[in-house]
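Taking it in order: structure first as structure tokens, then the write-up.
A, B and C label the chains in the order they appear, each numbered from 1.
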Amino acid sequence: MFNKIQRFIVLDILKNRVVLAYTLLLAVLSWSVFSLEDDSNKGVLTLLNIVLLTTPLVSIIFTTIYLYNSAEFIELLLSQPIRRSKIWTGLFLGLFFSLALSFIIGAGIPILLFVPGHVALILLVMGVLITAVFVALGFLCGIMSRDKARGIGISILLWLFFALLFDGLVLFLLFQFSDYPIEKAMVGVAALNPIDLARIFIILQLDVSAMLGYTGAIFKDFFGTGVGTAIGFALLCLWVILPYLLSRRMFIRKDL
Amino acid sequence: MIEIRQVSKHFGRFEVLKSVSLTCEAGQCIALIGPNGCGKTTLIKSILGMVLPSSGSIYFQGKDIARDFMYRHHIGYMPQKGRYPDNMTIGQVIDMIKDIRSSDDTLDEQLITDFGLDEILDKRMRTLSGGTTQKVSASLAFLFNPQVLILDEPTAGLDPLAAEILKDKIIAENKRGKLIFITSHLLSELDDLVTHVVMMQEGEIRFNMPTALLKEQTGTNSLARAITHVLKQDHVQ
Amino acid sequence: MQVLSPKDYRYVLGALCMILHSLSAVSGTIQVGSGFPFASVRKALEVSIDGDTILVHSGTYKEGNIIIDKSISFVGVDWPVLDGQLKYEVLSIKADHVLVTGFVVRDSGHASLDDPGGIKIYDSRYVHIINNRLINNFFGIYLQYSQHCIVRDNIIRASGTEEQQIGNGIHCWKSDSLQIIANSISGHRDGIYFEFVHGSIIWRNISFDNIRYGLHFMFSDNDAYITNLFRGNGAGVAVMFTKNVKMFNNTFEDNWGDAAHGLLLKEISDSYIFNNRFIRNTSGIYMEGTNRIIVEKNSFKDNGWGMKIQASCMDNTIRDNNFMRNTFDISTNGSLVLNTFNDNYWDKYEGYDLDKDNVGDVPYRPLSLFSVLVEQNPPTMLLYRSFIVTLLDRSEKMIPTLTPDNFIDDRPLMHAIPL
């Protein structure tokens, strides 16, 4: 039954102006990056920064706002004979599908055209996964506070934290404990930030990955192997599943 | 048909419902009245399962509604302020709800035609006035021929003509043996509709009696006067 | 059947003339092979005298260690194979004026203490090793205490995997006036190895996929290496403890790895690095204790670091180079800058050129904050391409606080130099 909710939400969101603008922005950025850079590898690196900045931002804020704006609609759905968990799942999948579709159309097409082979695939998969992570986090923001302004505030803070503050903290730790062998610990710390995980994943697919090896083989040794890849991938999936499940639990127990 | 047994609800330290008990039968048309913040909406939402009672339970046709959702097949709900996905058209919203309920019952599309919604099915929800949105909400509540109708301020925002259409529909459905809950501030509007009055105050049921009896006891011939009478008595006491 | 190619013939003739001239004796030709007077190379060598030509016809000769101690031309016809059976040094040359050409030399003994080679030259002058194929030897061609030798057009292959279990492709020790020309070497420890070799030239060689260095160069002054290609070697090329080396027109590419450099310079002085290409290396040039060298008109492309200049380097001039698409153009571990940068093209330069003289009006600081941070604390590389790093680099470019003040190119070019 939730397939229907999902389908209607996808239809609704795909006509949303913000989402259209997001798709267009991604398309303009990617096309211009690839036509300006004669080397596709460097294009990927430039695009990486854009993708890891805008995709989380748009995903989390749009999701949060959409949830607040749909409060009455959710209420309407609640008065219908549907399980609460199905409503939440439908909303999540609907939002995720439409934002992921925006990403694939906006950034995916130029990526597939200009970037060779598995690098393109990894970039796409990471973009879609990051979208999922931040939609899930948006669900958490949307359910945490009844107040719309506060919810949006939390979502912006979360984005700021993962995109900027977290790395600042890592930098601080690296220099604070530079006398200790903390490389291994740092791999663990990086796994706590989905944006860092995605970034390292993509860089490992490029020639510059050797740079990671140069500075402490541990990064490449860990993330470069099959097991490391699987663990990193699983961690990213956890970043989708845990916030989503938490938000669903809260939703099921919430008075609306 | 619906039995509410000692339902309490508190949000934090604030007690919204204090051990409310109420039994409603098919064929009744109940006006749920009371000042703002008396717990009317919370009670309605408890029946709909949107608000989960802190204690007590609610039975629908003898079955506890906690952890159930199928009973909502038999309820049509018209919210006070309906909001729908901005970019969907009226037609799509109606189709979606039809789809979700996938009901085998014969559909009651009378309100859709009476309100003239069938002529503007391709209009987007975003572009609709508050009144038209309410018409959509009302049409959806009645669409599936539910045994119970819960209408939260149904006529607020409707133009007089539309309000009249809705009232006629309520009366007709009530006569066909359906249980109807109405909350409204406009007591005069309820006069020719309701069979019972439930008045709430500070989370408790102040009184619950048939309209005829209320009028008789207070010696008045309109609901509005009867209520005013009761409130004045309170004041004197 | 062509005994010698015209090209080889010239050398044979040259060698023969010299031999004839010095010995003033009549020389003969000795044929070796099945159906020829001699079946054994050793026997032929025994009866030969200075000035003779020994023609060895095709076949496989397993005769242990073959020693040439006379001034002869030793010529293979249709690629005869000298097989060391993984036990012996295959060919030892202990005489001046020897020519060895047209042989397949394979399977020398491995890893014993006396460094067995496919072809080893002991204390000799005017030895020419031309157009041979050396396959799976411990050392390929080994020269010691030798002068005026030419090693040309040889193909040297091995498939070593461990540094300790394989020798060098062309190994030159305590020699001078050598010419190492147009050889192709792969799979050895070092492709070409020079230690205490002076006044020599390394020209048009290809050295690739060797385990350690493509070219390993130590205590060898006054040499030049020109137009060589070094690709995919474990650690690139190392030039150490040497002065007055000329490095022209070489290509250093695809030397990626933790300890790989396109070109490692250590304790080098008064040298000239001109018109080379450094492409896709972990670091294009890594300099340590390097003084008074000029790096001019080179192209640094797609490297992790274009140049890593350690604080121990002084008075070097880096001018008219192109730095393109490197992750970091320059990096250093010091704060004192004693080297000069001028007239380079940096693709990361964002200045302007109002007077249209092709020189940017704003000086360029090639040292990014992030490269300094990585130098101080390598694990920081974990944050490569993160937003905070971009932000830090931007602000540092506007208000330099952590990067050395005088690390600056005052005349950055607006366009790449056509190289």
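In the analysis below, a residue touches a chain if its C-beta (ideal position, glycine included) is under 8 Å from a C-beta of that chain, and two chains touch if they have at least 3 such contacts.
Note that the coordinates shown come from a computational prediction; the quantities given were computed from them, not determined experimentally.
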For this session: Classify the chain contact graph as line, ring, star, complete or other.
Result: line
Exercise. Which chain lies at the heart of the structure, taking centres as C-alpha averages?
Worked result: A
For this session: Report the chain whose mean Cα position is at the greatest distance from that of subunit A.
Result: C
Problem set entry | Whole-Å separation of chain centres (CA-atom averages), subunit B against subunit C | 90
Exercise. CA centre of subunit A versus CA centre of subunit C: separation in Å?
Worked result: 48
Problem set entry | Whole-Å gap between the CA centroids of subunit A and subunit B | 42
Exercise. Where on subunit A is subunit B touching in the complex?
Worked result: 1, 4-5, 8-9, 11-13, 15-16, 69-73, 75-84, 253, 255-256
Exercise. Can you list the residues on subunit A that touch subunit C in the complex?
Worked result: 39, 42, 45, 48-49, 52-53, 163-164, 167-168, 170-171, 174-175, 178, 182-183, 186, 190, 195-196, 199-200, 203, 207-208, 210-217, 219
Problem set entry | Partner subunit A, residues of subunit C touching it in the complex | 256-258, 280, 282, 302, 304, 325, 327, 373-374, 376-391
For this session: Please name which positions on subunit B make contact with subunit A in the complex.
Result: 9, 11, 45, 48-52, 69-73, 75, 77, 79, 81-88, 92, 96-97, 99-102, 137, 140, 150
